[in-house]
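Common to both upcoming complexes is chain A, partnered first by chain B, then by chain C.
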Partner chain A sequence: MSGQARRWEARCPMDEMNEFENKLKQAFLRRPAPPSLKQRILQQRNQRRTEQLHNRTVLWQRLAACFVLAAVIGGGLTWRHIDQQRKGEAARDQVLTALRITNRALNQIQTRLAAHDRDDHE
Partner chain B sequence: MARDWQPDFERLVDEHQSMVFSLAWRLTGDRGLAEEIAQDVFLELDRNMTRMESPEHALFWLRRVAMHRAADALRRRHVRGVDLWIEIEENHGAPPEDRCSPLGARVEQLLTTLPEPQRAALVLRYQEDLTPEEIAATLESPLATVKSNLQRGLKLLRAKAETSLKDYVRPGKAMGGALSDG
Partner chain C sequence: MTKNFHLRLATLLLIAQFAVRAFAQSAPQLIPPQLEKELSAHASDVTEVTLNKSMLSLATQFMHGKGDDDAATRHLLEGLEGIYVRNYEFDKDGEYSPDQIEKLRQSFMTPEWTPVVHEHERRSGETSDILIKVVNGENRGLFICSAEPREISIVLILGPIRVEDLSKLHGLAGLGALAEFDRDDAPKIKEKDKEKSKAKKDGDQ
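Entry: the complex of A and B
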C-alpha cells in the first residue's frame, strides 16, 4: 500500500466524522421559539412587578400601622407617667400644706402654753 | 471601569428566546416543559438584569441558567428516553414553525436516548457551536469530562444513527479525533 493510500485510509474516518458532525450541526439548528413565548414572559414579568409593588405597598402600610401603634402606646405610657408624676406632686403639696398648717397650730398651742405657764409662775 | 452597555430586557428576549427554548427542548425533549423553562430563565434574567455586564455575559448567563434549569427539570421529572420519544413523536401535531427537518427530528429522537451529560455537551457543541472549553465553563464541569462526554456522546449517537438513520449516515469504520475544536 502506498503512503498516499495509507494517508487516505487514515483520513477517511475523520472525513466521515466531519460529515456526520456537519449533519449534526444542520440538524441542531435553533428551533424558533413559540410566537407567544415573549408575550407570556413579558406578561409574567409585569404580573410579578405588580405583585412586588403591591407587596411593597402592603409592607409600607404595615410598617406605618406599626409606627402609629407604637406612637399611640408610647404616647399613652408617657401621658400616664406624666399624670402619675403630676398627681404625686399634687399629693406632696397637699401633705406639705397640711404639715405647714399643723406646724402653725402646734406653734400657736406652744405659745399659749408658754403664756399660761408664765401666768402661773407670776 | 464604567459600563456603556445598558441591558434591554425585551431585546434580550427577542435575541435569545430561540436559543433558550431550543436548549431546553433538546435537553428535556418536552416542548411544554421547555417553554416553562424558557419563561423561568428569562424571569430570572429580569431579576438579575443589574448584574449583566455585556451582551456576551448575558448570552453566557442565559446558556448556563437554561442548561441548569433543564437539567434540574429532568432530574425532577425523572424523564426517561422512552417518554421523550413519545413526546417528540407528538411533535407531528406541532405548528409548522416548530417542525424541524426530518433528519433533525430523527437526530433529536436519538439524542434523547443519550445520558444527560452527553446530551448537554452535544447540544452545546452542535447547536451553539461552542468549543469544549466554553462548554466546560457553561456547564461548570472539568474540561476533560466535557471532552469525554462529547466523544462518547458522538460515538454513541453515530452508532445509533448508523442503525436507524441509514439514509443520512454513511456507515463508518472507526471513530477517532472527533472533536475538531477540542
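Entry: the complex of A and C
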C-alpha cells in the first residue's frame, strides 16, 4: 500500500463525520412554522372529526333503517299470519254453519218423508 | 290511428268479457239474483255462506282437531269446488210464494242434475228437493232445498261428494241420511210415497 492511499483512508472518516454533523445541525436548526400551519392542522382535525361524525351518523342511520325494515317485514309477516288465521277460522266457522244448515235441511226432509211413510202405512 | 284505437278498444272489451266470464265461473249462481233479493227483503233472518275452492282449502287447513268429526269434515271438503248455502227465516207465513220455490227448482232442471227427492205438500206448503249432479257416473254436485212456511234452506255443494264420508260426521247425523238418498232405489220409493200420499189426500177430499 502506498503512502497516498494510507492518507486517504485516514482522512475520509473525518470528512464523513463532518458532513453528517453539518446535516444534523441543519436538521436541528430551529425554523419558524409557516403562519398557516396551525390553521391547516386545525382544519384537517376538524375535517377528520366531521368525517368521523358523518360516518358514525351514516352507520347509525343504516342500522336504524335495517331495524325499521326488519320491523316492517316482521310486522307484515305477523299481520299476514294473523290475517290468514282469522280468515281460516272464519272459513272453518262458515263450513260448520253450512254443514249445520245442510244437516238441518236433510233432517227436515227425512222427517217429512218418514211422516209420509207413516201416513201410507196407516 | 282510428283503426288502431278501435283495435285496442276491441281487445280491451274482449279481455273484460273473459274476466267477467271467469268471475262468473268462480262464483256460480245459487239463486237467481232477483229471487234472492225478494227473499232477503221479506226474511227476518238471512244466513249466507259462500265458500269457493280457495276458501274451502283454507278452512281445511284450520280443521286440525284430532276428533273424528274434524278429520271426516277435512276428508269431505277435499276436492270440493264450492259450498253455497242460503237460509231464510220469516216472521210469519206467506212471506214467499210457492212460485218462487218453483222458479228456483226450475233453474236446476238441466240434464246434468238428477232429482233424487221431490216432494211438495200443498196443505202445509212444505217442499223438499234433493238433486244430484252426475258427471261420468260420479257425484259432482248436490242441491238441497227445504222450504217450510217460515223457513227456506237452500244448499249447493259442487265437486266430488263422497257420500260415505257424510255418515262419518257424528255431530251431523242428518248428513248420513244422504247416503240412503243416494241409493238407486231411494228416489223411486220417495216418488211412490208422494204419489200415494197425493192419491190418499185426493181420496180424503
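We adopt the following convention: the second predicted complex is superposed on the first by the 75 of 122 C-alpha atoms of A that agree within 3 Å, B and C clash if a C-alpha of one lies under 4 Å from a C-alpha of the other, contacts with A are read in each partner's own complex, and residues count from 1 in each chain.
We take it that a residue touches a chain if its C-beta (ideal position, glycine included) is under 8 Å from a C-beta of that chain, and two chains touch if they have at least 3 such contacts.
Note that the coordinates shown come from a computational prediction; the quantities given were computed from them, not determined experimentally.
A.B. asks: Taking the superposition on A as described, I'd like to know which of chain B and chain C A:A91 touches: first, second, both or neither.
C.D. replies: second
A.B. asks: Going by the contact rule set out at the top, does A:N55 touch chain B (first), chain C (second), both, or neither?
C.D. replies: neither
A.B. asks: Considering only the touch criterion stated at the top, classify A:I109 as touching first (chain B), second (chain C), both, or neither.
C.D. replies: Only chain C; A:I109 stays clear of chain B.
A.B. asks: Of the two partner chains, chain B (first) and chain C (second), which one does A:N46 touch, if any: first, second, both, or neither?
C.D. replies: neither
A.B. asks: Counting only touches as set out at the top, which of chain B and chain C does A:D117 meet: first, second, both, neither?
C.D. replies: second
A.B. asks: Just to be sure I read the superposition right, which of the two partners does A:I101 touch: chain B = first, chain C = second, or both, or neither?
C.D. replies: Only chain C; A:I101 stays clear of chain B.
A.B. asks: Quick check: in the complex, which residue numbers of chain B touch chain A?
C.D. replies: 9-10, 13-14, 17-22, 25-26, 35, 38-39, 42-43, 46, 95, 97-98, 100-101, 103-104, 107-108, 122-123, 126-127, 129, 154, 157-158, 161, 168-170, 172-178, 180
A.B. asks: So in the complex, the part of chain C that touches chain A is made up of which residues?
C.D. replies: Its residues touching chain A are 47, 49, 51, 55-56, 58-59, 61-63, 73, 77, 83, 85, 87, 117, 119, 121, 126, 128, 130, 144-146, 148, 153, 155, 157, 169, 172-175, 177-178, 190, 193-194, 196-197, 200.
A.B. asks: If we count contacts the way the header does, which residues on chain A are in touch with chain C in the complex?
C.D. replies: 84-85, 87-89, 91-92, 94-110, 112-113, 116-117, 119-120
A.B. asks: Which of the residues in chain A come into contact with chain B in the complex?
C.D. replies: Those residues of chain A that touch chain B are 12-14, 16-21, 23-35, 37-38, 40-42, 44-45, 48.
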